[in-house]
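Listed below are the structures to be examined.
In the two assemblies presented below, subunit A is common to both, partnered first by subunit B and then by subunit C.
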Partner chain A sequence: MAENTTKSLSHPFLMLLILIAHAAMMLLVLLTFGLKAEVLRLACFVLAFDFIGSIVLQIVHREACTVDSVLLLVIGMSTIYQSCFGELEFALRHYLFGIGAFLICQLSYLLVRNPYRAEKLKPLWYILFFGLVGAIFFLTGERGIWIDLGFITIQPSEFVKPVFVLIAASSIRTQLHKRELFGLHFVPDNLMLIFCTAVIAGLQWWCRDLGSLPTFVAVAGCGLLLRFRYLREKMSVRLIIFLGACAVAAAIAAWTLAPAYVQERLHSDIWSDMSGTGYQQVKALTAIAEGGWFGKGAGNGSLVHVAASRTDIVFATISEEWGLFTALMTVILVLFLPAAILTVPPRSYYHSGLALGVAAVFMVQMTLNIFGSCNLIPFTGVTIPFISQGGSSMLSSGILAGFLKAAQAPVLTSPCAERRG
Partner chain B sequence: MAAKTQQKPQEPMNPQLDVTAPRSMRRAGHGTTLLIIAFLAALIYLAYVLVTQSPDYIAKAGAATYGKVYDRHGDVLFDGSKPLSSYPAGQFADVGNLIGDTSGQMSNTLIAKHRSELANYSFLYGGGNQNVSLHTTLDHKATRAVYDALGSMDGTVVAYNWKSGDLLVCMSKPCVDIALGYDKIEEMPKGSLLCKAFSPTVPGSTQKVSTLLAAYQYCGIDATNGMIFDCKGSWVNASGQKINCHNRSGHGTQTLQQGFENSCNPFFAQLVQSEKLPLTAIIEGYTKMGYRVNGAEQPGFSLDGIQIPPASTTLTADTDFNTQWGCIGQGETLVTPYQLMLFQGAVASGTGKAVLPYLLSARTDVDGTVTSLGAVRYTDEMFTPESAKAVQEVMIKNAENHYYVSLPDFNCGVKSGTAQVNEDGREYENSLLAGFCLDESCPVAFCIVIEDHVKSHITSAQLAKVLLHALSDT
Partner chain C sequence: MDLTELFSQYPYLREGITAIVVIFVDICALTILIAAGRERRTGDRRWAKEGRGLMLMCGNEVYPLGAAELLIGRHPSADIHFYDDEISRFHALLTLQNGKWQIEDAGASNGVIVNGTRITKPHTLKRNDVIRIGKRELTVVKGSGKVVS
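Up next is the complex of A and B:
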């Protein structure tokens, strides 16, 4: 009860903070561009979203205020960023996808807030998983990752991520459900996770786009690690060494067996091919350097003319215009989403798995995007959740945020109890 | 194993009654914490890399404006803030291949190695400021004096203060004039873009200093000084091969001092073949001095990032002609004028260690902050102090007896050399002079090379006089 009181008090306070943060950013935009209709339009839309969003949340449910608040804050910020890159033009599409992400977050929350029901729906997740894999295989064409519907392009692999997180999460009850075959005991759920991981790895290989593979491997790794740890007070040193050795062996195998185009990225010197393979990274690093700590000012960047400036190298684009300090703070703000479970820990094994899976997706994606564009690791075309432009990514991230919210504010009534009730 | 697990009491299955999460469930939180900590640590590292490397990014991407490079008296050696053509003609003609420019045409120059530090940029202040400058130890006036004195001849002169390490003169001719640009790069004389002070060359008889040092190290001072060998104009070694002396009528019986002053080839060939000085001792002595003997690994030198290869030679047997010829300073022995100068610094100091030269003395940042860069650092002991003092004495006597006319005003020690060079089928002789000055007003070690010296209007000793006078005047 006391906990709920604290939350109800903190909710308006957090909403006020969000309004202040967005108002401050808009003030900077106003100072840069002057009083223009486009500035007012942007301000109205962003602040209206904050206002309406907070009221809706206050009325509907306020248990998971951390996730919702961070989501409102981040979506508003990214709308301002995307609207100001290069010149001021309200990013309506990004804004609408932001609202979509916010709404889909609530839907996914409702879907998985009951861990018993969510896990019972696992066959449905498998169907969805293989359905999406099939869609990538058959509908994208020319071994690509996009489905072009004419009026919109969809990236199904983005939607595989939340489904894969649902598959990777598991409850203790499922782990105790063992089968025996040829004298070997195994958990079918674990075998399915490994199988799904192999399928997605194979698919990515086939698509010649291994950029998202680390994300899936991280989710599967976290899921398996948690499963190992569910049933044990402590992990044995032998097991830790074995798992560590497996990880190292897998990394070495991936490094040496990677296809030629990946090997090229691993070993290429961007500065010796500034107009070729290193073009985007060179431009990104130069833009970050030119932006310095506090940036050139909103709309004053030049990186926007480079392809993927709003998606794969968006960290550099923000750094150039708003400064490295703001870019880092934005990334740290996104970190608040997975960190939410540190304040209110999950209260079911299934939600624990979901939360860690989402954390793995968010952090691996941010790592690949930020460190790749800054040439510290090979460059891959992945997005920063909620910050990069892209509808599929935005909606997929919204679904994942819903999982975090479910982990924070679960409904812990078993289906049997519900029926009795 | 499975049965064991099943027997273990489980956490409450109705989590509604369990306000705090069970320990095993909280492990998801631990995992997330670990991920976040790792990510934050990586972000901090990223910020560090970006902040420290950003001047380099700006420079490499060609998005920077550059500051100035000054000599020790404030004379401009490079200016990135305005067209170099606005300076008097020839302003940069004597230092182009040492200081370099930002065009990327030369890779082993001061600016090539410090381009990002010369960029008018900092992560905090951005790129609008024009304060950045690099301050060098070079004496442009003295450099210009030797450049002019060399006239139409090619060659190199390198000199440094053996007490402080300040590189005072480093001139290599032919030299690119960076103010004229590279439109006619095909017409530039060969070697214009290369500072020959850092390129290995045949050392001629200046190599005898190294051989003498090896002898002093192994045999001792008195024993070496007591050695006497005969010269009849030529000498046939144990392998039946003849080594000629430049004095075809012979020097007769000579002491070590006389052999050194006469620069007598048979004397030093006999010293190398002598049982008193085994080849292993010479190899050991050379190796200690930084020679790559018979291909063995040896680090080179770095002058504020400018790369300088180590000396090299091949020594197979003490009765072998090529070995003896190499110890005399011909054949396969190659030494950079820079390293010859360094040996002289170690001899002049009398310690066997040389102060390492440096070219950058300070850097002015975009915000006007001046950072001092130069510091006195020493080489490892290349030879014993006793050997250094003994060679110093021999070289001073050599200067007194043979160079008094050229260098009357200085307390010097010198050793000359004539190097037989075969380059692209063209045979010619280079004149070398390595030495030091012990005067308090001019503590300088130097090396001079005049290419194809028979055509020269000036001797290496006369050039040394110009050098020392220019340096003592400033």
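Up next is the complex of A and C:
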């Protein structure tokens, strides 16, 4: 296979660097907490994951090592953060979901690395999409977003994201396949995307979870933009003005038509209700300020006692304990994942659509989370990919990272030839 | 004195070591990015191999086939576009699959002619094939895989 003949020599060196980076972070933890069994346990698990992960990649597949390297680095860092918040306690659950995300990234890569096959499977993506929508509608109960299985709770809306990205991507061949109805020419794939967007918007409204809606709208917007105007074309001023006007109109409509509870959040002043609705954001802002550039030190933060400190306001929790410098570095590292695609451009429009969709999900989620923590927008309950605690979010982000890897190292053989080869 | 005590007694020491660790992790991230640049070269080589290094030549102009799907047409968003009234907005589609380039008619009013024959189904391209689109004649040539224009 082609991938075996073009092995990158820098791969072992990169893996060694990641191992040393995590070891340096563990040294910081060691200096803070002293030589304890829990510190050694954390170090062993994090470094073992780096080591085994790199060996797995060496054996299985080491094309597109940028995505894999950043993923290993970020998952290890996030495990260290989550284990040190407030006190030192190895975040085993987070660690296991991190491993799960890494493995599912490889699986999703194998599934979509062939853009022709991935697009042929679109009926399956539609079935999955409507299956997940049905699960949210019927199984969550009380207009919620969680399915409680007793031993574990699942957030199906997180898994809708990668499926929606698969639906939003399209190829030129699909776009040329037009149908006519009542004298109107249309592309069925585009109508399905608009329909799916409407379904997910309606569902989010029904679940009272409008926080995730910007993510879906961004993915659909990117998908439609790529369909109607391919990126190679220089956009005309008229088109830019039209798109800008559409975005402003949508924002005004969303602002004025938002439900009462959203309106309340949009217009509330956190400083006048510091113990009520503004409690989390006041605490988060105070923590960021107290942490300064280099933080109070791992385990020395107080924000951990505030609800959602490991999820919705995780940026503030990292800032408090590790410093704003580290928190910003972590955010930039997560952004390296979609940015990696800029270095190796996708070779097919379907993969371009996937990469753009993943970039939209990551960018919007991080913006909502960080801006929410900093009181620039109301709280949305959206997580930072790979950093926030939460199994569904972690696994869903892993699937999305696999799409990026597929766009970087595609396989352009037909499914039959791939099976033979 | 215990290192941990020293660390808690002197915040500047902690901040200094934190800064060093953060800078080190940053260097790692930058190295990954540099490696990504190297990956681009690997990707280009792989692409040149997969795409058989084929290009289209029209007069003195060379059009590298840089993606697995390429549109030829009059529309500005077409990958290879010609301002010619006889060429449809979206005239022909070039696709790469299993190491073979295929051309097909994308619903053009004047059709796609390969080696003098109007094609009605996808046609596998070979070296020196001549594609006629409107008034233009494109010849399939083999290059080094490097972008010429």
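Heads up, the rule we're going with is that the second predicted complex is superposed on the first by the 397 of 421 C-alpha atoms of A that agree within 3 Å, B and C clash if a C-alpha of one lies under 4 Å from a C-alpha of the other, contacts with A are read in each partner's own complex, and residues count from 1 in each chain.
Just so we're on the same page, a contact is a pair of C-beta atoms (placed from the backbone, for glycine too) under 8 Å apart; a residue touches a chain by one contact, two chains touch by 3 or more.
Computed from a prediction, not measured in an experiment: that's the story for all the values here.
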item	value
First (subunit B), second (subunit C), both or neither touched by A:Leu176	both
Touching partner for A:Ser69 - first (subunit B), second (subunit C), both, neither	second
Subunit B versus subunit C as contact partner of A:Val39, first or second or both or neither	neither
First (subunit B), second (subunit C), both or neither touched by A:Val112	neither
Contacts of A:Leu213 with subunit B and subunit C, given as first, second, both or neither	neither
Contacts of A:Leu335 with subunit B and subunit C, given as first, second, both or neither	first
First, second, both or neither for A:Cys222, with subunit B first and subunit C second	first
Which of subunit B and subunit C A:Val282 touches, first, second, both or neither	first
First, second, both or neither for A:Leu376, with subunit B first and subunit C second	first
Set intersection of subunit A contacts, subunit C complex versus subunit B complex	172-173, 176, 229-230, 232-233, 293, 332, 346-349, 412-414
Subunit C residues touching subunit A - in the complex, by the definition given at the top	2-4, 7-8, 14-15, 17-22, 24-26, 28-29, 31-33, 35-40, 42-43, 45-47, 49-50, 66-69, 71, 76-77, 79, 90, 93, 95-99, 106-107
Of all residues in subunit B, those that touch subunit A in their complex	1-2, 5-6, 8, 10-11, 13-16, 18, 20-21, 23-29, 31-33, 35-36, 39-40, 42-43, 46-47, 49-51, 53-55, 57-58, 60-61, 63, 121-127
Complex contacts: residues of subunit A adjacent to subunit C	2-3, 6, 8, 10, 14, 17-18, 20-21, 24-25, 27-28, 31-34, 63-66, 69-70, 73, 77, 115-116, 171-173, 176, 229-230, 232-234, 293-295, 297, 322-323, 325-326, 329, 332-333, 336, 340, 343-344, 346-349, 408-410, 412-414, 417
Partner subunit B, residues of subunit A touching it in the complex	172-173, 176, 178, 185, 222, 225-226, 229-233, 271, 274, 282-283, 285-286, 288-290, 292-293, 324, 328, 331-332, 335, 338-339, 341-342, 345-349, 352-353, 355-356, 359-360, 363, 366-367, 370-371, 374, 376, 412-414
